[in-house]
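There are two complexes below, and they share chain A, which is joined by chain B in the first and by chain C in the second.
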Partner chain A sequence: MSKKVLMKGNEAIAEASIRAGLAGYFGYPITPQNEFTSYMSYHMPAKGRAFVQAESEVAAINMVYGAAATGCRVMTSSSSPGIALMQEAISYMCGAEVPAVIVNIMRGGPGLGNIGPSQGDYNQATRGGGNGDYKMIVYAPSTVQEAVDLTYNAFDVADKYKIPVFILGDGALGQMAEPVLLPEEKPEMKGDQGWGLSGAKGRDPRAVMSLRLAEGELRKHNWDLVSKFEKITEAETKYELTDTDYDVLIAAFGTSARVAKTAIRQLKEQGIKAALFRPITICPFPYAALAEAAKKAKKVLVAEMNTGQMLFDVKVAVEGAVPVEFMGCPGGESFSPEEITAKIKEMQG
Partner chain B sequence: MSIVFQKPESLTEKTTIFCPGCSHGIIHRLVGEALDELELRETAVGVAPVGCAVLLYEYFRTDIVEAPHGRAPALATGIKRVRPDLTVFSYQGDGDLASIGMGEIMHAANRGEMITVIFVNNANYGMTGGQMAPTTLPGQRTTTTPTGRDCAAHGSPFRMAEIMGALEPVVYSARVSAATPAKIMKAKRAIKKAFQNQKDKKGFSFVEVLSTCPTNWGMTPLDAVQFVEKDMEAYYPLGVFKDADGGDK
Partner chain C sequence: MIFESVMAGFGGQGILSAGMMLAHIASHKGLNVTWFPSYGAEQRGGTANCTVVISDLEIGSPIVTAPAYGLIMNMPSFNKFQPRFRKGAKAVLDTTLVDPSAVTRTDVEFYGLSAGDIARDLGNVKVANMVMIGGLLAVSGLFTLDEAVIELPNALSKKHHDLIPLNEQALSKGFSEIKKIN
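Here is the complex of A and B:
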């Protein structure tokens, strides 16, 4: 049995990726994810695996696209402005159906914003982000351990559905050090998986591309992607509901969910019954589970480190069954448990 | 009876969509012949550009991935780094490589990536209808330089083969022309050399091919060939600008 080690979020996610059999890492420096790239720059070459510090995030994600097209297990990590630059290639990868893991350690925006923890990229991550009709799987871990476990598994999920998978964390998760139990190390995943580009020896040539020119071909492809995502929704949707008996339901993800958990403990001590609904996959969003959970509550509070993005999905799920209130904290800052507690008391009037 | 001329095994039977007199078809063939002769077809992975050569996967009997516009050298880097056993090449137009993809080509070359780059310079954006490319000649009319390229306003054409040759890690950079049969034979030797270098694990190799685009130049195929020989070759000298083997210059 391995024992727990103290690691920063960025380094722990990087190590989990290596243990998942990572064959290549391509990245570009940006705060607050720099420890990620640094960790890879030492540990990947030490294992004889590919590491490239790319000239830009545009190049980094296109290196990922090329390497992923061979069927090898590859990834990149970045933070909000860098992820914005990657959107073109991510759209190509979704169109061409190649797997990869992309880590976004979010910071404050828009623009250069600041380097504080933020959840401002929720819409970008859950609505595709690039051009065209597509979606990706997006995990939103709220502890370093959960980030490790989800990332380790994300590579298998990406391969299974041939789709890019996002790990959406924020500066707090990336920078925080916590004790973690690391998963078992897998061998480097370098095969072509039966579809990747590996040289057309003794078989027909393979093409990885998103161009579909024949009449009706792209229309069909778009609907095929929808069917694939329906399967993903059915099999991969994940969430946490902390209680069965509550008056107020707080919906929050990632770091805000962590703060909300502390607030819920404080509320319980004061005799207020509150529970947390935490989507672990924010895409596919657990609409049905939230709809069910919301019915038991008198009110729902959405708490996010942005100006109200998941709020929209919560409203879609709740469908007006109970009132939905919102508290946001944009700008690279986070609210305190006390602020949530105060908001809930105010809601109870 | 012996066969003296046949389709390279590295190409498919499909009829290309290129316009009459276009050099793309010739250059496809040269790349196919080089892959055949060096027995590289079975390890080859090509990276297609966005441009008139976007359908590379229709015409090459090799594995192909299609890059976003200009990013082919980054994809090639990714492929070669995780699978050094594969023969990786990009095939790019001048808008693709020297405009939107200038960053990717410069850095791939400067890292000395073990890849082969085929650069088709036809002095305009063929696919989108003949706009100015970074390689459009001074004074040349295009759909976005209706009175001719004014270098004071649009800058001067990039001489990519020289730029590549000036980078320390590049092992081979040459400019060839697809204008006449004799020049095409020379182009073939340069392309073969660029793949041989990869086979021998020597490093980054670059071949610029001066090419025709009769459709967008508004010329007959014959006039287009003359434009390449007279006008393009005057601005873009043919030759080898870097050869780490110290081969013929």
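Here is the complex of A and C:
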């Protein structure tokens, strides 16, 4: 008998966060991530931990910022338009260097769009919707199990580098149920970690802020953030390459990568050799690994549930070594494996 | 092995729970499974549907465009999904609400169960979904009736555990009373 439990993505990510020692959750409801906030509203208070349904997304992310500045393990979750509202504080958090985990269960956009699964926030997550030079770590899980494992680990990564970490899922991942193996429960992670704001009695005061007015201070800080992200790139970049022998390489992340896996199986039955390159961190993007993998292919196909966002990173990585084609499915919809199969046959001419 | 199915009906008929029931059995047996619901405005009184994929291999897409199995509990869902079934698919219809004379596909095997009526005779119309699952198990050979029955305590929330015997009867009735339509 399997020890796995059947859980919806939203609930499973929430449970993984609690098991990672989450001390505080601050959020505001929005479809398709509602089960997330709902799950937290039951389970955080039951453990005597902080749960706040804020009056807006702007309030929620600023509560995260404030609580994170004390060194406690905290998070929020939302969906695309809600995440858009949070961008100012996310920029502040990157500037002030505080750890937190932010989950975006993407829906169709722009604007309120619709509630279907989408990958339209790739640019928002990897380029930053807030002001200034900053980058975050962005994980793009493609199964509920992977979402659980990455989220559980994301809190440690966030603490290690003092940086917000994004979990970028979509409506399909959030709403889908799959059997998952849940990780061990850690104790609640509270405390100032040696840098947080915990009252200055008996020690020098500390400042956690993004404002740096002294001459040359911000310039140095900007370059420090760059070197920090170089270390992150070196140590934390993750990807999956499904095969070693292929003519066509499909680059896809999250839910579209799953669809591509089915297409690859269908193509194999028809004697066409295709493999999947799946960035697990879309920021830092696995440029070097993709460049290497693309060399073995005759063509690369980028498949995304948007109008072509990761496409740019793939082109940067491939550097014209082989032709890169694109198929997109925006608007809160997903393509079928058959559509990818047909596109690849067409590419093979 | 790969089992790709769609379940559809009105919101409130227990379509999503029916899909969850299959997912629980599959998970219990150590198989891979994805259950993906329609979660839009449609679940509020309109049509509701979910796709369930079960396999011993890694499951790629949770989205099923051409299902091999179906469980259809109302007419709008039948009209929507009849054209989408793949050749050789098997689908169970609740003939309480789906008119069997609307069947036009000859390359799909349709089976009928008057699930609504059977459930009402059992004393609770809400178990019509379980009658349908019983029928789908018989038609697909996916799991045995016993494998389904032992999973009822996990599939039903604790507040409904007094209804386990009734659900067991519903599964069993569906399993035995399913009839081929075309």
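Assume the second predicted complex is superposed on the first by the 347 of 349 C-alpha atoms of A that agree within 3 Å, B and C clash if a C-alpha of one lies under 4 Å from a C-alpha of the other, contacts with A are read in each partner's own complex, and residues count from 1 in each chain.
What we mean here is this: a residue touches a chain if its C-beta (ideal position, glycine included) is under 8 Å from a C-beta of that chain, and two chains touch if they have at least 3 such contacts.
Model, not experiment: these values are computed from the prediction.
Considering only touches as defined above, state whether A:S334 meets chain B (first), chain C (second), both or neither.
A:S334 contacts chain C only, not chain B.
Is A:A260 touching the first partner chain B, the second partner chain C, both, or neither of them?
second
For A:G116, using the defined touch cut-off, is the partner it touches chain B, chain C, both, or neither? Pick first, second, both or neither.
second
Look at A:E178 in the shared chain and tell me whether it touches chain B only, chain C only, both, or neither; answer first, second, both or neither.
The answer is second: A:E178 touches chain C but not chain B.
According to the contact criterion defined above, which of chain B and chain C contacts more residues of chain A?
Partner with more touched residues of chain A: B.
Scan A:F26 for contacts with chain B and chain C and give back first, second, both or neither.
first
If we overlay the two complexes on their shared chain A, which of chain B and chain C does A:G199 touch? Say first, second, both or neither.
first
Examine A:A288 and indicate which partner it touches, taking first as chain B and second as chain C; both and neither are also allowed.
A:A288: touches no partner chain.
Can you list the residues of chain A that touch chain B in one structure and chain C in the other?
none
Give every residue of chain C touching chain A within the complex, in rising order.
20, 23-24, 26-30, 32-37, 39-40, 58-63, 65-66
Write out the stretch or stretches of chain B touching chain A in their complex.
41-45, 47-48, 54-55, 57, 60-68, 71, 74-79, 81-83, 86-87, 103-104, 106-107, 111
Hey, which residues of chain A end up touching chain C in the complex?
1-2, 4-6, 31-32, 114-116, 171-172, 175-179, 255, 258-265, 334, 336-338
Mind pulling up the chain A residues that touch chain B in the complex?
23-24, 26, 50, 52, 54-56, 58-60, 62-70, 72, 74, 88-89, 92, 96, 190, 197-202, 205-211
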